Structures are given as C-alpha cells and as structure tokens.
Amino acid sequence: MFRTRLPLRFAHCDPAGIAYYPRYFELCDAAIEDWTAEVLGVSRREMHFAQGLGMPTVTLSAEFAIPSRLGDLLDFTVRITRVGRSSVDLKVDIDCGDERRFCVRYTQVLTDLARGKSHPWPPELLERLTKDLP
Amino acid sequence: MFRTRLPLRFAHCDPAGIAYYPRYFELCDAAIEDWTAEVLGVSRREMHFAQGLGMPTVTLSAEFAIPSRLGDLLDFTVRITRVGRSSVDLKVDIDCGDERRFCVRYTQVLTDLARGKSHPWPPELLERLTKDLP
Amino acid sequence: MFRTRLPLRFAHCDPAGIAYYPRYFELCDAAIEDWTAEVLGVSRREMHFAQGLGMPTVTLSAEFAIPSRLGDLLDFTVRITRVGRSSVDLKVDIDCGDERRFCVRYTQVLTDLARGKSHPWPPELLERLTKDLP
Amino acid sequence: MFRTRLPLRFAHCDPAGIAYYPRYFELCDAAIEDWTAEVLGVSRREMHFAQGLGMPTVTLSAEFAIPSRLGDLLDFTVRITRVGRSSVDLKVDIDCGDERRFCVRYTQVLTDLARGKSHPWPPELLERLTKDLP
C-alpha cells in the first residue's frame, strides 16, 4: 500500500467549480508515478528513457462517488490487487478526510516501447510487486 | 448514433509519442459535448449557465486496444445504451480508419448544479434520448 | 495568413466559467499545428518522427483583452512576422465574431531533437515561410 | 519572495520527452495559487467562492531558456514587482538546481467575478502585497 497527498487545484476544476474527471486521471497518474518510484524503485524517467519501458493502461474503471472542490487535499492510496507475467492490477482509492471521493481500478502492462510489445517483469520488479500482494 | 471526428494533437501525446489516456477522456468529453448539442438539442453553455444543469459522470470503464499516434484522425461514435429517470448510459467507440482504438462506457446523471442532486430528464430531453435507443 | 476555427470547450474553462489561460495556449498550439501542416506543408507527425525536428517556443508574450466563454467559436489567425536562419516569429490573433479576445506573439526555433540544437530552415521551408512575409 | 517546488511529471511532457509549454503555465499557476494562500493569506477557494473575486491574467511574457525533462524538480520563485490599485505584476523564475529553466512575467488584476470588473485591493491585501515590494 502506498499513499500520497495531492491538492485539487484551480487547473483541475470545471465551470461547476468541481473536479473535471479527465484531470482526476492526471492526478491518479501522478500518484502512480510516485508509486512507481517508491514501490518499484524506478522513476518513470529511468524506466522510459534509460530502460525503454512504459506501463500503458489497457483497462480502467472508475466510480465517482462525491465531487471534490477547489482546494481539497486528496489522499491517493495505491494497492496492488493482481500481478501477471507482464501486467499489474492497481486499485486507487481517493479520499478527502474520511470521505471516499472516487476510486479507479487499472490494468497496466509493462511494455517495450520500441517494439510496442508486452515485456515480462524483470525479477527484481516482480519481487517488489508481489511483496505487496494481499 | 452520433459521430464526430477529432484529431489527435501534439497536446494529447506523451513522451512515448502516443495518446496519453487522460487526454483521451478530454477528447471523449468533447465528443459528448457535441453529442449533447446535436442529439439533446442543448449546448453545454445553455445547460450549465441558463438551466443550471450538468451531466457529471458517475461511473466509466475504458478498454484501450491499440495506441493512437500524433496526427491520427479519430472517429468518435456515441451511442445511448440505457436511459433512466435522470441518468443515461453512453458507449463511445473510437476508431481510426477500420481500427478500433479504444472504447469507453459512461453512466452520467443529469444534475441540478445548485442543489447538487439528480434531476429527472425534462420530457423533451427524454423523448430525444429514447428515440435513439436500440 | 492562415486561419482556423476552434471551439472553446468545457475542458478549457475554469471555475469562473471562462477560458483558463493555459488551455488557451493549447488551442493556440493546435492552430500552429494546423498552420505547420498547411503553410509549411509538413505535419508535426512527419516533422517529429520522420525528420527528428521540432519547433519549441523560446519566447512568447500574450495580451488577454476580453474573456471567452464556454461554447464560443474562436477564430485563430496566424501570421509570420519575421523569419531568421532557424527561427520564426508568429503573431496569433484570436477573435470571436468581431471581437478581439487575445493575441500571442511567439518566437519558435527549428530544432534538431536528437542534438538539442537549432537547425537552419531547409530551403523548401524557407521559401514557404518567406512567401507569406509582409 | 515565495518559493515552492513542483515535479515535472509525465503529464507535463511532450513527445520529445520535454516540458510542453502550456503545461508549464499550469505549473506556474499552481505556484501562484500557493503564493496567493501564503502571501495574500487567502486561498483561491475562499477568494472565488466566498468573496466572488478572481485574479485573471491580462498580460504575460515568457522566456524559455533550457528545456526541462521528466522527473526534474522545479523551483518556482514568485516575486511581486509592482502593485497597482487593483493589479499586481509578478515575476516567476523557474530553476532546476542552479539552472534557470524559464521565467514568466505576469500582470494580473483583482476582478469582481459577478460584475466582470476590476476591484481595488482591500486594505489588508494591499498591505500584504506592498510589504513584499523591493
């Protein structure tokens, strides 16, 4: 389990003054970026530019329970729910204080960017990923 | 069924040179914006500012099949799959030429923005929504 | 002189219901993307991925005269005001109907992306650029 | 002088792997958002929704010296350079380590959002603004 806090900024809000959902996904992606660095032990910069690997999303589903407002401090909790040969399922829960605002479930696949094909987890990443499994 | 074509621009692409998924949702939202004007017969400007109504997304799920690249012309097809008292389910299929790139299923709810509560479809909108139902 | 029309969408508006200026720059960049294809005769996709060239902005200045609102149809007029060995100055005027909304002046430099250095205009681009000069 | 640090994320980078300038303005705006809360003592949420005031940008100019890359930690330094009856000039310098990456100069105007007109600085804000003047 990994947790990070990100503010809901002016840039993320729509004319109704609440979070615009495409920006929510930018924020989730920022949380997963931090998760990658912390839990996998590799920055996206290194992954992309030194290793030529990426983690594109193949499926996602989201439930938006309660709208968020400008200035809300959002807590993103990232959990690994399944690990495959080259894929990982993540569940991201987003809370403000005690309130569940929304959650997103992802399947992402480690991908060789030059070949555009899935790439099996290297052993050291697999170990880090499965250590966290329930 | 409503169809609109939008280009994948530089602004939508990530360091791997392919579409960044939060921008995909901006593009889908643009397609739904055009669908609203054409199929519901009301612009988002009128809906939000004159009528005080919005159509926030309560759930969505997406499958990303094949990545899109800078300059691709994407065809967004919006279909109504279910109409409730104040909600609507939409399926958006996104193709480039003959290739299915991704699809998104939405549940959106007509909402009174001031009260933050769902609002039943007015009869003229309900008629337009159900006319299109399979 | 090149002109293109782009709508101000929900995604571009802030909690005050007017255009959020970072999104204005995305729209200007979309107009310059279309200008590149039409006036220079090369798509950004070809420029970036086949030729390894880009046109980063080195300076810009903007004046925001009158706010734009959701649903406004904005006309972007792109004019070349100066051409250097590897640079170009552009003036982009943005109108809605008869009203000038904002304008942006750019200096952009043709750049070899791999070397990170400026690259002189190839003769065929130089000819296209200077043909349009006042 | 106010300083805040923000990471350059995947979401901010273009197909060349460097910062895309419209996203730079989102980051600058985030820095000014934090400056507003800290230096003016009022959050944007309170300013917009409780006080009905905004600070739209009327002019800006930017110089982009050295590109920033995915993962760079950027330091945003916000300085007040002029205070008018209802306006303020800000200079934002953005550094990575010892390197100046870019700078932006802004003129922003305190605005009554309902009336769409400039609004003189309230005495307590004026005092906070001028305290910081060189």
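Things worth noting here:
Order of writing sets the labels: A, B, C and D. Residues in every chain begin at 1.
We take it that a residue touches a chain if its C-beta (ideal position, glycine included) is under 8 Å from a C-beta of that chain, and two chains touch if they have at least 3 such contacts.
Everything numeric here is computed off the predicted structure, so don't read it as measured data.
Although subunit C and subunit D share one sequence, what matters here is the overlap of their interface residues, and that overlap exceeds half of the numbers used.
Chain centres computed from CA atoms place B at the largest separation from subunit D.
Distance from the subunit B centre to the subunit D centre is 33 Å, each centre being the mean of its Cα atoms. With centres set at the average Cα position, the gap from subunit A to subunit B is 23 Å. If each chain is reduced to the centroid of its CA atoms, subunit B and subunit C end up 28 Å from each other. The set of subunit A residues that touch two or more partner chains comprises 10-11, 15-17, 22, 26, 29, 48-49, 70.
Against subunit A, the residues of subunit C that register as touching in their complex are 10-11, 13-17, 20, 22, 70. Within the complex formed with subunit D, the residues of subunit C that make contact are 15-16, 18, 21-23, 25-26, 29, 48-49, 54, 56-64, 67, 113, 116. Those residues of subunit C lying in contact with subunit B across their complex are 9-11, 17, 26, 29-30, 33, 43-45, 48-49, 69-71.
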